[in-house]
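In this document, chain identifiers A, B, C and D correspond to the written order of the chains, with residue numbering beginning at 1 in each.
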Amino acid sequence: MTPRDTSAPPVELAAARETAALPALAVRHLTVAYHESPVLWDVSWTTPAAGLIAIVGPNGAGKSTLIRASLGLVPKVSGQALFFGQPLSAVRARVGYLPQRSSVDWDFPASALDVVCMGRYRLHGWIGPLGRRHREAARAALAEVGMADYADRQIGQLSGGQQQRVFLARALAQDADLYLMDEPFAGVDAATERTIIEVLRILARAGKAVVAVHHDLATAPDYFDHVLILNGRLVGAGPMDSVFTPENLQRAYGGRLALLDQAIEAAARAAAGRRDAQA
Amino acid sequence: MGAHDAAEIPEALGSFLAALSLGLGFNATVVVIGTTLLGLAAGAVGAFMLLRKRALMSDALSHATLPGVALAFLLGVALETDPRALPLLLAGATATSVLGVLAVQGITRASRIREDAAIGIVLSVFFGFGVVLLSYIQALPQGGQAGLKTFILGQTAAMRVPDAELIGAVALCALLVCALLYHPFRLVCFDADYGRVVGLPVTLVDLALMGLIVVVTVIGLKAVGLIMVVALVIVPAAAARFWTERMARFVPLSALFGGVAGWIGAARSASLPRLPAGAVIVLVAGVVFVLSFLFAPARGVLADAWRRLRLRLVTVRDHFLRAAFEQLEAAGTGAAGSFALADIAEDRGWSARHAGWIARWMAARGFAAHLPDGRMHLTPTGREAAQRVTRAHRLWEQLLLVQGAGRIGQAHRSADLVEHVLSPAMVAALEAELAARGATAQPMPPAPERSRQP
Amino acid sequence: MGGDRGFAALRRRALLLGLAGGLGLLAGGPSALAQPRAQAQGARRPRVLATVAMIGDVAREIAGNRVEIATMMGEGVDPHLYRPTRSDIVRMLGSDIVFYNGLLLEGKLTDALVRAARAGRRVVPVTERLPAEILLKPAEPGGEGEQIWDPHVWMDPRLWSRVAAVIADTLAEADPPGREEYARGLADIQARIAALDAYAERALASIPDRQRVLITAHDAFHYFARRYGLRVEGIQGLSTESEAGVRRIEDLVALLVERRIPAVFVESSVPERNVRALVDGAAARGHRVAIGGTLFSDAMGAPGSYEGTYIGMIDHNVTAITRALGGQAPERGANARLAARATP
Amino acid sequence: MTGLDLETFLRIDLPGGLSAMLACLACGVLGNFLVLRKQSLMGDALSHAVLPGLVAGFLVSGSRSTGPMMLGAIAAALLATVLIQAARRLARLESGAAMGVVFSILFALGLVMLEQSHARDVDLDVDCVLSGQLETILWLAASGWGSLADPAALAELPRQLVALAGMNLAVALFVAIFWRALKLTSFDPDFATALGFRAHRFELVLMLLIAAACVAAFEAVGSILVIAMLICPAATARLLTDRYGVQMALAAGISAATG
């Protein structure tokens, strides 16, 4: 680690804490390898304290790995991840997580409400039955994603989009300040996608940070304010307008995709829209 | 199988009831209480093991006790104490089974070998090592313990009061731990990664769960033998799974099944001659399993088949009615007109035979009737039903179109799928939704334009 | 049950194969093979191998030092479950005579023994020359096909005396010059067995009628019971997979209480838990039952001790049973050589 | 005592070692499919599940000779396999649980049959039937290298060895003929079904073959070895390679070497 990357002098740090919020997630020199082939190579990245942040990149670029390694779910070869300036163990209650749907056993005997209740464990404590307050909070989270009517359904009996909403509700129930979401829009229909993005926008307006792995380049500029472009290494990171550029996308995707043109168009449109809004 | 005369049967029934109510003999009472408690504990722990996909863990564990027993014996010989002392042997058994658990954990964590293979490896290597040790002991002068393997294997019927007390204590503790750690256990079983993110000490919780299974297995092994303890861990949980989709009910139900199997099985063994208690308990659990498999309303095969059949019948009925309605609509004859079955068959893509069968069924249900000229018409009930079905279908289509869900054909297909599950309340909700979106819900919306492809 | 399989054997075999240079190239063979061959033709003593100690002991009594006798299974070993090792097999093939019990007592080994016999070796099942009428069948006869017999013949001294004759004949056949010595040995051991039998008859007859019930863990004492007019009740069957039912335990407890039977017995090669359950059950009904001592069923005592001989083993059983069930017998048995065990 | 002379080698070590090698070879190859299908513990499950078959074989034939009992065992193993597949498919049980349910119930059934029939009074040693032991596989007709070419001596080869050799041949044929099908169904049964391949039925056939091979190997080398041999070589190979074909070859090689 070079001196430049380590934390600023203490005085400055304290000042920073007072004036501006700390970055929700700061990744330093993260390197991750599966079976000796590196997936992520020396990625350093700092998110803003709030807002909607997309992680984009081609398949195998290490998008999910970045999230999972930050959360300590896959071993890092080197590097560290700080949440609100601290290691995860100190601020777990402030971090919510939405895993990829494929990692779940859908045959598990749990209702939608049960799943959402899992989001409250941290706040409730591990032992003993869950109190009424937490149940209510879980129900509220379900209602927020429009799933209140399905509270008692077994999760396997829900459609893909509904399942995703339940897991989003679980993340919401955590009442966190930072949400890490692994492909929240994968395999959901248009209506669910809209519901989800609305919920995410509400979170962002409430001053929370949402980091989501996102696949659809065409919608990315529309949905998110910030972006991290990955291709094993860091290609670019920062505000959508300045980073989501043809050059960066070309570098990440190698210019292979016809989709790129669409994405670039969309970016231009979104940028124009944002300018109008500001005007 | 029964080798008893008719005269014996009432007597057997009497003693069965007596044993059930703990009124038979001292030994029977001890066994019934002991196996019931063990069944409760094993059932509860087994429920979590089933969900953790480690059902066969208890099998591996019980095999992994063998080298422990042999090593403990050798230690006893070396220390010149009684090498057959049960506490010593049990301590050895526990030690190696804990080692077995850790080995399974280690193998799966450190390599790409999956859990089932890891369990198998541990099972065979530990047991094989135990066998090697046994053949060494066989040659020892003090050895002469061919029965060593069976030494820690209990015989259910020979359960004694201290055994039952031990089982009781362990069962109580296991149930308590299951109740206290219910949420962490559930989270680890369901989604260990998520648990890790929210700060659950997953490894620790996992070890607690494994600790429970080790304790239940070793105690059960000593009291009732190898196969029975494996069965009591797996079978009640597998049976309970058929009855519910809710974990909060599944775990107690599994414990209950285990307890009932222990209770009835032991009582059965006490009432008829030549029924080995352990095996009878497993068979009772097996009967519970088979009954659950067949008849459980939630996931049983019969309930499943019935549900599927009903859905199919409802679908066929609705398709018939809507096709008839649309035929009549197209012909402009009004709801009271007649239609040809062949047209409906063509519209729905049914074979003539299939269509005939459906028509007979619809007639039997009173929805439609055959006319003397061979055509059919809808009865008043049928008309009403057809109208309802068609309206629901079109409302849904409309909603999908308003929402912009894509091409008309797609909307139609999805409406097809959904109309059979639309309750009146949902139709009302649909109307409201459409109204909110500025589309009027007419009494009978027109059929959207679509290419009529077969 | 998974069972103990040939892991050890495999290990050794693998090692050996490796030594032998993989699949078949036997490099150092010839030098190793010279030794036993050279001896084989010399004036050495015939080598005799007995599977179980009961046979080995009698053979030793008959032959004295004329032959070299080894026993395959040691003290306390259950012959049903014995797992021959490679050296056992080598020893078996290297012996001039192999005596085994037969009637499938030797479990897995039987197959190898029968094969060896078929290959023209002197491998003799000592009990199978006994007439079928005097052998016991299990309670219900098996279907047609092969006859199934209770193999625990040594429990009846008079039958074992006849087995001794079979052993002596075989020895004489194989070693004609020793014929006379074997005949003497046979007469001697038969006389001692007869004396033991007389003692046993006397002692066991002194048990009160009501209490003439021998309750023990598994059914090895049928020949014994038939010979001395006892009733024998095993808790579980003979098969290794057999498991007792609760009903069986309850019935036996009822029998104990009803007849005021003072003792039940533990066997040397079977865990005693079953028997303890009976004691508890009777105690709960207010009848105190003692554990009447450990009986030798399938195996004998430690080599070198009196109980480590056939005579001593039967003496021990008879004395322990008689004294525990309320009969009259000297504390140290027929020959006053039993270790003074604390019989309750 | 351990004279390593040619005759001893041929009589004791060669047949035993060869049996072990053949058993390991068959198990190692078949074990691949079990490990790939997450059914590694099939060997263990079968070793328990054959009990009712053994008892039934004994009761029907009334004899303790191995033949009928082995037939019963194979029948029981096949039944257990079918039941396990049914439990997985119809009862939606995870395969470990399915095996656990089936084998424990079958074993208990066997025990009750044993007690209820007269078999309990017979010294029916189940271990004996199931726990073939290498040491007892002898080729006593061998007298020297020449015996390897002597038909009369070869006819005396131990039955277990012959059975195992036959089983290996069957396995080799099966794998050679259905190589591609095996690959497809192991990797992606749904896709195979979509292609019109009857994956479930094929899987059943495969499992039945495995069951038969297991029982044959039980008799020759004992169940614990079979359990180990089904898993360990394949698992080891899994660690060494990701390629399917290489895995098969490796597993066979490893198991033969171990044998």
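In this text, a residue touches a chain if its C-beta (ideal position, glycine included) is under 8 Å from a C-beta of that chain, and two chains touch if they have at least 3 such contacts.
From a predicted model like this one, the values you see are computed outputs, not experimental measurements.
A count of contacting C-beta pairs for A-B and for B-D identifies B-D as the more extensively joined pair.
Each chain gets a centre from the mean of its Cα atoms; the one farthest from the centre of chain A is C.
The geometric centre of chain A is 75 Å away from that of chain C, both derived from CA atoms.
Per-chain Cα centroids separate chain A from chain D by 50 Å. Here the CA centre of chain A is 35 Å from the CA centre of chain B. Centre-to-centre spacing of chain B and chain D amounts to 30 Å, using the average Cα coordinate of each chain. Multi-chain contact residues of chain B, defined as those touching 2 or more other chains: 63, 127-128, 131, 227, 241, 274-276, 278-280.
Looking at chain C, residues 1-2, 4-5, 7, 81, 83, 85, 236, 242-243, 245 sit in touch with two or more other chains.
Contact of a single residue of chain D with at least two other chains is seen at positions 44, 48, 92, 111, 115, 120, 224-225, 227. By the definition given earlier, chain contacts exist for A-B, B-C, B-D, C-D. The residues of chain D lying in touch with chain C in their complex are 1-9, 11-14, 16-17, 20, 44, 47-48, 51, 58-66, 110-111, 114-115, 118-128, 130-136, 138, 140-141, 156, 158, 221-225, 227, 258-259.
On the chain B side of its complex with chain D, the touching residues are 1-3, 50, 53-56, 59, 63, 111-114, 116-117, 119-121, 123-125, 127-128, 131, 227-228, 230-231, 233-235, 237-238, 241-242, 274-276, 278-283, 285-286, 289, 293, 299, 301.
Here chain B touches chain A in the complex through residues 51, 180-184, 186-187, 189-191, 193-194, 196-200, 241, 244-248, 250, 403-405, going by the rule given at the top. The touching residues of chain A, when paired with chain B in their complex, are 68, 71-73, 89, 92-93, 95, 97, 99, 103-105, 108-111, 114-115, 118-119, 121-122, 126-130, 154, 156-157, 170, 174, 190-191.
Chain C meets chain D in the complex at residues 1-7, 9-10, 13-14, 16-17, 19-20, 24, 26, 28-30, 32-33, 35-37, 80-81, 83-91, 93-94, 104-105, 107-109, 111-112, 115-116, 118-119, 121, 138-146, 148, 150-151, 219, 236-243, 245.
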